[in-house]
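A, B and C are the chain letters, set down in written order, and residue numbers restart from 1 in every chain.
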Amino acid sequence: MLKFEKRENIPLHLRILIPLISILLGVLIGGIAVMFSQVNPLTVYKAIFIGAFGSTYVFSETIVVAIPLLLISVGLILVFKMNYWNIGAYGQYIMGAIFSTYFALNSAETMSRSILLMMMCIAGMVGGALWALIPAALKAYWKVNEVITTLLLNYIALYILKFLMYGPWRNPRSFGFPLTKIFELNAQLPKLISHTRIHLGLIFGIVAAIIIWIIIKKTKFGYEIRVIGENEIAARYAGINIAKNIILAMVISGGLAGLAGMAQISGIIHMLQIEINPDYGYTAIIVAWLSGLNSLTAMIVSFFLGGLFAGASQIQMTMKVPIGIVGLIESSILFFLLGGAILTNYKLYYKGRKII
Amino acid sequence: MDAIVLQAKNISKHFPGVLANDHINFDLRKGEIHTLLGENGAGKTTLMNILDGIYYPDEGEIYLNGKRVDIRSPFEATKNGIGMIHQHFMLVDTLSVLENVVLGLESQGFYLDKKNISEKIAKISKKYNLDINPYAKIWQLSVGEQQRVEIIKTLFRGAKVLIMDEPTAVLTPQETDALFKILRRMIKEDKSIIFISHKLDEVMKISDRITVLRKGKLVGTVDKKEIKQKELAKMMVGREVLFRLDRNPMNRKGEILKIEDLETHNDKGIKILKGINFSIHGGEIFGLAGVSGNGQKELAEVIVGLRRAIAGKVYIKGEEVTNLCPKAITKEGTNYIPPDRLKVGLVPNLNTVENAILRRYDREPISRGIFLNYEEAAKYTRELIKQFNIMVPRENVPVKFLSGGNLQKLILAREIREEPALLIAVHPSRGLDVGATEFIRKKLLEERDQGVAILLISEDLEELLMISDRIGVIYEGEIEGIVDIDSADINEIGLMMAGVQKNPLDK
Amino acid sequence: MRPDAYAITIILLAATVESGTILLFPIIGEIFTERSGILNLGIEGMMIIGALVGFVTAFITGQIYWAFFMGMLAGGLASLIHAFISITLRGNQVVSGLSLTIFGLGVTNFYGQEFVNLQLAHTVPQVIIPGLSQIPFFGPILFKQDYMVYLSYILVIITWFILFKTKVGIQLRAVGQNAQAADAMGVNVYKIRYFWTFFGGLMAGAGGAYLTLNCAPFWLDGITAGRGWVAIALVIFARWNPPYALIGAYLFGAINALQFQLQSMGTTIPSALLSMQPYFLTFILIIVATLLVKAKHIGVPKELGIPYAREEK
């Protein structure tokens, strides 16, 4: 009945249509789910849109949400290109936050702002990179499945954070709440635009996206990564050192996730706490995939998914629509994207007649 | 004894670009062993796949015991009493023998009565001398034993006609003798067997009748008693050799490649090279003839560093390179045109430029520090495209959309441009059209004139005769003989390819 | 052993069984899914869907066993999304499974809002098996549990039996090891993969439902806390063999029960470090398991994650 036949070339219009239709269908599914909850989906979507882009302030908040998404997702793009599944960005993010907090708590008095912030950035990147190095080495040398190792490390990182927050790093004046003391001004990333919360992290993100784009497109390292990801046998035959590339790419990816963690606690939260936004680990994966593994596109996609998240956060309070709608919509979009991917390589026939 | 059990009338089958079977007539008598003989690409496997229901013929009919049958799937073939034993076994290695035997069997109930099944298998084993332990796992068995499992599978399903595709290709001489005993036993029990092979001495030993195919056409069907090996070889390879390309006289230079007593295993762990000795000089094309499966592919892989040699040595330009990694061997001035274009030689989803630079992306001018100079890369690629007349729709299209001929030209171009001292080309014109084929052969000759040593491994005897300076024949992992092209007799070569040794080893 | 130490040991081991049962269902489910060649990383999503549906059904109807069944079914239905994408549409199984997890977390957050922190009036009733529960030491641990636990015992035995002693089992193993050979022998590769992926979903839903019906028994967003991922890791540890799944599940359950007990007893060890232990253990286990699974005949189903398409040569 349903038959697939190999294509001779990838039609250009499909390459654009399929992602677009996936987005539309995903949003549709979200709307249907909302309907079951006896809320008018159009009202919800309108409210989300306004909550994301409706005023200058919420627009800036959308950017705020997009910053860590962008930083993490461009790192993921690098490793996904190599077919290495880093699901541990959240853990790397946490470790980056933890490492940079060390300096924030201990060196705020002794270092000038610029030096302190630089140390925090480096510490953040180192923390994330180290956390990524573990599963990378395990895969490179012992072939241990990276999906599970990176993922378990997420939970372990979270518990390390909890330990620090309930233990040695807890602010004695926080009434028992697991928070550190608020960072001194020295340890806070400067704002970029006054009257908003947009901080220097935005520059980090944009720079990172460009650097990753350059790496993938223009360097030998990026070339080797792409060859490994597309045909590992040919890569081996061409003499490419696969282990080295896995480790290097993961160190970069983890470093970027760690930097995102640092940026978030330094630029927005101004302290270390337990809730430093759990969705960012998975949402970043969705951004990476939806961007077609292109870090420049990721700037746009992280902006819009950030908007979805920011807008949904708004209506969570005002319309009692739970934040889960975001995951619902995002995963639905992904499902359609994944399912539709076959159409780029195969023609669809139904009962003998060609459909697509 | 004379009743015709199976008859294929006027069978034709097209594939894109090639007529695999051209109005073939074939019949099988009850209780006979009928061999289907021919070179690679002659159409034997296609014809058998039609009988087994894997392909459906464009023209022609099949009759079983006089009745017309329509076979649309292997399942239906089995229902009609036809059992095929493929060259690559359809066995699940983690399962046991009896589990493989009953896999997919309709009559098998939910519970696996292992005792019952193994008794049934034992009965078949005893009847046909197919010694096997029903509880052994497939991965534990030798190739010969695995083949027996395949035979048991067909007998278990009541097969009356057995088709065996190159069964002895993977067997030792002793295992082959054991197999022949089993086959003779089976025809006594009124089974009929179609035997596909290219090994003449075995064919002469086991067959009752022999049908020869060549390039999709039927050459003839003869009675074993009425023919000699030499005539069969002639039927197999044909008398005419197509036009000869204009070749300059050979300008032989120093020794570039030397192979000494080389031995290696194939992917299944069986020794496939049993002591190879030969050498190639600069400025000559050494053609290695032989039906595929005799070790050629593995020989090439050992030379370029993709496979471990277990004994023997490889020397390039006097330096020993045995078992070095591919990158090091490439540095010694060796380049490789692999038989599997899209799996090893290219990255299908990357574009032409990215594939073209696979050998030199880490050298100037394409490499510039940590960066890739794409302008230089594109320039280089355009040179390749021009020089080698490669048809590329757009530079940034993934190469998987290029035609086979153009893919091969791309690989050839890339490797030749590295200016190797030694070039190893395996089946370079396989599956290509006439134009691309001619182009590739011309280019190889050009390289030879420039002083490159070329090892040309090909199933196409014509091709080898056309451009080689010397031809060596590989058979069952050894060099049967080496002849100079000027004194080469095609029938002699055909005999060597089929295992009939005429000349003592010629260094 | 001193009487109170003895008593505590019994309690801990009984808790181990309870806690391990949450994992045992999804581990067995995924063993069968992966044995067919399909990699389903959506277990966390299916588990939490099962957890919510089970909880809500119990909350509304008060019928525990019916709730368990509904939770199972919900997990199974969710798995069909992944099955369709992976099998018929030959999509990327890693990303599809991840999407299923994100979907599950999102959907349950969305519809679970009104049930947060609510408690079930009745939880899974304890069912003491007469006679067997009198066996010294093992009796109270194994046979003073509930029907779900007993179901899990039977499940381990039945699935082992099916896998190695029946036609269904060899077809499954063939499909996962050499889909082309299975196809050539007339086995319907697609049907088998759909069936066992669905089974995996049922099992994941069962594990989630058991969590909220018995061990919690309240609803919280994200209550599965990564157990789905642990289950996937333990599938490798179990080397795709049901009896070993029991060992892995109970190992995790033991550490979990132990750290929980320590925390409630008031230990000086920080609670976060204790809560970490089960995940840390799983991390070590998967490294060990990978190193041990080097022999290729006791290993990963060869077809795992590779879509099957019968191509004409």
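Following the convention adopted for this analysis, contacts are C-beta pairs under 8 Å (C-beta built on N, C-alpha and C of every residue); 3 or more make two chains touch, one makes a residue touch a chain.
For clarity, every value in this text was computed on a predicted model and none was experimentally measured.
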| item | value |
| --- | --- |
| Far-end chain from subunit A, centres as C-alpha averages | B |
| Contact pairs, highest-scoring chain pair | A-C |
| Separation of mean Cα positions, subunit C and subunit B [Å, integer] | 47 |
| Centre distance in Å when subunit A and subunit C are each reduced to the mean of their C-alpha atoms | 28 |
| Numbers and ranges of subunit B residues touching at least 2 other chains | none |
| Complex contacts: residues of subunit C adjacent to subunit B | 165-171, 173-174, 177-178, 180-182, 184-187, 296-297, 312 |
| Touch list for subunit A against partner subunit C, complex | 2, 4, 33, 37, 85, 87, 138, 142-145, 147-149, 151-156, 159-163, 165-167, 282, 285-286, 289, 320-332, 334-335, 338-339, 341-342 |
| Subunit A partner contacts - residues on subunit B that touch it in the complex | 306, 325-327, 330, 338, 343-350, 354, 358-359, 361-362, 367, 370-372, 374, 393, 397-398, 401 |
| Subunit A residues within the subunit B interface of the complex | 8-10, 218-223, 226-227, 230-231, 233-239 |
| Partner subunit A, residues of subunit C touching it in the complex | 41, 81, 84-85, 88-92, 94-96, 98-103, 105-113, 221, 225-226, 229-230, 232-233, 236, 270-273, 275-276, 279-280, 282-283, 286-287, 290-291, 309 |
